[in-house]
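Each of the next two complexes has chain A plus one more chain, namely chain B in the first and chain C in the second.
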Partner chain A sequence: MNARAIMNEFAKMRHLRVGLFVALLAISVALMSMYNAFGSGAFERLDDPNDYAWKTLFGGLGMGAALIAPILVAVIASRQVEIEHTGNGWLSSATSGLTPGQMCRAKFVSLGVLVAAATAVWGVVIVGFGTLIGISTPAPLGRWAAYIGALIIINLAVLAFHILLSAKVENQLVCIGVGLVGMFLAIFGELFPAWLAHLVPWGYYPLTVQSDYVGEVPVYFDLPYLSVIGLAVVGGALFLFVTGRFDRQEA
Partner chain B sequence: MGSIISEFLKLKRSMSWSVVVLLPIIMVVAGSGSTIAVEGEFADGWHTLWVRSIGFYGMAILPVGIAILASLVWRVEHKNSNWNALMSRPVPTWQIVVGKIAAISILAAVMQIVLVAAVIALGKFLFGLPGMLPTDYLITSLLIIAAQVPVVAFQSALSTFARSFAAPVAIALVLTGASTMALLLKIPGVAMTPYALLTRTTQTGSATMLTGQGTSFDVSALTPDVVGVTIGLSAVLAVIVIAGTSIILNHTDTRT
Partner chain C sequence: MATIVATENLSKRYGKRTVVEDLNLYIPEGEIYGFLGPNGSGKSTTMKMLLSLVQPSSGGVEIMGKPMDRSTRREHLGRIGSLIESPPGYGHLTGRENMRIIQRLLGLNDQQIEFAIATVRMQGQMDKKVRNYSLGMKQRLGIAMALAREPKLLILDEPTNGLDPAGIEEMRELLRTLADGGVTVMVSSHLLGEIDKSATMLGILSQGRMIFQGTRDELFSAATPDVLIRCDDPSRASELLANSADSRVDQGEVRVTELSERATAGVIAALVSERIAIYEVRRDEQTLEQVFMGLTEGGGL
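This part shows the complex of A and B:
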């Protein structure tokens, strides 16, 4: 991995205000989770021994991630790649020895660090919020850690897909449009058969939801570990394969 | 009129149709499909179908769609030296701004018409609902077309100054989310802002919401007062944004 290329990507981000969009990603999803808890009456049931308040926070995080992450991750990837199209960056970098595939990998690593950090912030802020408002049952930290880990993998898979799409298709309408369709799949994914949800990265948002109402009662769901690990392995392999092909293409 | 026609000429081959046609159709199919999957029927007929089609669309998707259209319309001007060519035309700046807003507003209006057509088509032919979509929802749709204009003007302003295609879309998503949350929290005066006005208008007259079966914020009944206030407020907000954009543009230097 070319460390200088990664540092260069961080330098580009300052001008593109990527930090602002990453901050929006971190804050808006966390706020939505808190709002869901507020709207679901969690404040009146802080002493519920069956984790009612924690379940509403989990449910809110699932909803917020599905609603906001597909678009904002698409926007973040699109901004970081769009400048290479407008500034002829692919060609100028290739002539200095940095192939398009290497650039995509550098973009993924640099943006991936920020997206993973924003996702980790969701967990820290929401657990902190739950503790602060005085939920009497202890925070299910193991469940939180596993869910945030799964969301990091899903967000990174969506990011990798959008970096490749934005690099291949110059018209950013397509990239943002696909992000919008991804949002639909993430929100309405529960309606699709599980095998279909496994085929696209956005389908994993509903697959990994940790809490939802069954009748009038919110219940916990098990995390599909194998599916998430499969996404990480297959997604990573596909990303390396496609960027490897980019390396052998003319800029 | 010439400005508007030229905008549509620029939009040829821009794939704007994909947003205008596909976005509302996907929303109606997703909203109605989820209702059938979960509840098995439309309990209140056309009213349920309408609220499931427009509810989430108005709270999150519609402003994002408008933002994409605004980015599309301004995209060509940010390429090569088109910006300087546009700004050196022998017409007042406000006319250029209004031309862009008119073009985006027409596309947004068509989007609403497609949504209504999709609701009627699915309700009538796929789900076999008796009767027809109540007229109130057609009037609400006309109101939505009016309430879209301030959001169109604001998104057009964002896309005027931001060269990035994606950034204004992200801002639309965040502002819509914040407005919807503010409406749900019943923060006073929020309905006078463009995004909240549009979101609130999309739910106007929704019978399911008015009878308290919805899970949403306070919904206005479709009355002459509401129609008048919505149209008046939309006009005022649009004029403010157009004036602001024109003034800033008049003080903006050429671009390289």
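This part shows the complex of A and C:
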């Protein structure tokens, strides 16, 4: 991995408002989770022995992530890649020995660190919020850690997809449009068969939801570890394969 | 003089379409090589092949005596500056921030950056965002980025495109300064007038084939200017020559094309024997532009 190229990607983020969009990603999803808990009456049932309040926070996070992450991750990737199209950056970097595939990988690492950090913030803020408002049962930290880990992998898979898409398609409106379609798939993915949800990165948001109502009662769901690990392995391999092809493509 | 760039039967085909064909190009060290040809003649593709950004279909490239291909590209590119297609530069960053990106990527020191900026005379513009630059300033920033690595070879693809006359003259001056500093410059253009004053060697490409390569003087001598004959009866003289040469009356003179020195003597003798009074015989003065147009329209020498 080219450390200089990664440093350059951080330098290119200046004036692009990438930091603002990452902060929005971190805060808006966390706020949505809290709002969902508030609207579901979590404050009245803080001492529920069956984790009612925690379950509503989990449910809110699942909804918030599906609603907000696909579009904001698309915007973040698009802004960082579009500058290469408008600034003749692909060709200019290639003449300095940095191929388009290497540049995409550097973009993934630099943006990935920020997106993963924003996702981790969701967990910290929501668990902190739950503790602060006085939920009497202990925070299910193992479940939180696993879920946040899964969401990091899903967000990174969506990010990788959008970096490749934005690199290939110059018109960034198309890329943002695909992000919107991804948002609908993430929200309504539960309506599709599971095998179909496995085929697109946005399908993993509904697949990994940790809590939802069954009748009138919120219940925990098990995390589909194998599916998430599969996404990481297959997504990672595909990203390396496609960027490898970018490295060999002619200018 | 050592050759810094040499190609051997360099060709590029996309499917059945041949873009560059059997190109044998050589650039002596320290020269300004003007690479000329109409739009679509294969100049940019050739330059990209020299930089190994496009893989040749056949033939090869040698830079500084070593093959240039994917395996050696990285090593070579540290010593080759280039400006291909539109000038580079991230519009949302300042000129200085753009230079820092090149500095970090290539591991250059501050002196190299400052020297490159000073060479293109952009010291006063480096804190402006590139999106607010004029085209000429963007071109100069692009050249500064290429120069910062202190290249032995600089490859510039149509650097005068879109520049006003003052910008073109500035670019010529810059090329001369660079050549004086020992940098070999290859510069392409579809307009001869833009680079013929600064180029010390010319290569002319037409439909992917090199139709001329040499000095300006060699280019003049390669094209045979028309013979103009001033005489007392141009119409009759032209009729007399109609069977043996391509002639016509042009502004009161007889214009005979494609006439060698020996043939010229024969034509004059024939006219004199027909009792036509010859007042003056001379070669038409051609501008380099006319020679260039003649070569590229005719498809070759």
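By our rule, the second predicted complex is superposed on the first by the 251 of 251 C-alpha atoms of A that agree within 3 Å, B and C clash if a C-alpha of one lies under 4 Å from a C-alpha of the other, contacts with A are read in each partner's own complex, and residues count from 1 in each chain.
In this text, a contact is a pair of C-beta atoms (placed from the backbone, for glycine too) under 8 Å apart; a residue touches a chain by one contact, two chains touch by 3 or more.
Computed from a predicted structure; not experimentally measured.
K.L.:
For A:198, using the defined touch cut-off, is the partner it touches chain B, chain C, both, or neither? Pick first, second, both or neither.
P.N.:
Once the two structures are laid over each other on A, A:198 reaches no partner at all.
K.L.:
For A:75 in the superposed arrangement: first (chain B), second (chain C), both or neither?
P.N.:
Only chain B is touched by A:75; chain C is not.
K.L.:
Check whether A:85 is in contact with chain B, with chain C, with both or with neither, and answer first, second, both or neither.
P.N.:
Touch partners of A:85: none, neither chain B nor chain C.
K.L.:
After lining up the shared chain so the two structures overlap, which partner does A:4 touch, if you call chain B first and chain C second: first, second, both or neither?
P.N.:
Touch status of A:4: second partner only.
K.L.:
Could you say whether A:45 touches chain B, chain C, both of them, or neither, answering first, second, both or neither?
P.N.:
In the superposition, A:45 contacts neither chain B nor chain C.
K.L.:
When the two structures are laid over each other on chain A, which of chain B and chain C touches more residues of chain A?
P.N.:
B
K.L.:
Looking at A:97, would you say it contacts chain B, chain C, both, or neither? Reply first, second, both or neither.
P.N.:
Second partner only, chain C.
K.L.:
Using the superposition on chain A described above, determine whether A:12 touches chain B (first), chain C (second), both, or neither.
P.N.:
A:12: touches chain C, not chain B.
K.L.:
Mind sorting out which residues of chain A both chain B and chain C touch, each in its own complex?
P.N.:
16, 86.
K.L.:
Applying the document's contact rule, which stretches of chain A touch chain C when the two form their complex?
P.N.:
4-5, 7-8, 11-12, 14-16, 83, 86-89, 91-98, 250-251
K.L.:
Taking the complex as given, what residues does chain B use to touch chain A?
P.N.:
Per the stated touch rule, the residues are 14-15, 18-19, 23, 26-27, 30, 33-34, 37, 56, 60-61, 64-65, 68, 71-72, 75, 79, 163-167, 169-170, 173-174, 177, 181, 184.
K.L.:
Show me the residue ranges of chain A that touch chain B in the complex, using the header's touch definition.
P.N.:
By the definition above, chain A touches chain B via 16-17, 21, 24, 28, 31-32, 35, 39, 67-68, 71-72, 74-75, 78-79, 82, 86, 171-177, 180-181, 184, 187-188, 191.
K.L.:
In the complex formed with chain A, which residues of chain C make contact?
P.N.:
Answer in residue numbers: 48, 51, 53-55, 73-74, 77-78, 80, 82, 84-93, 97, 100-102, 104-107, 129-130, 142, 145-146, 149.
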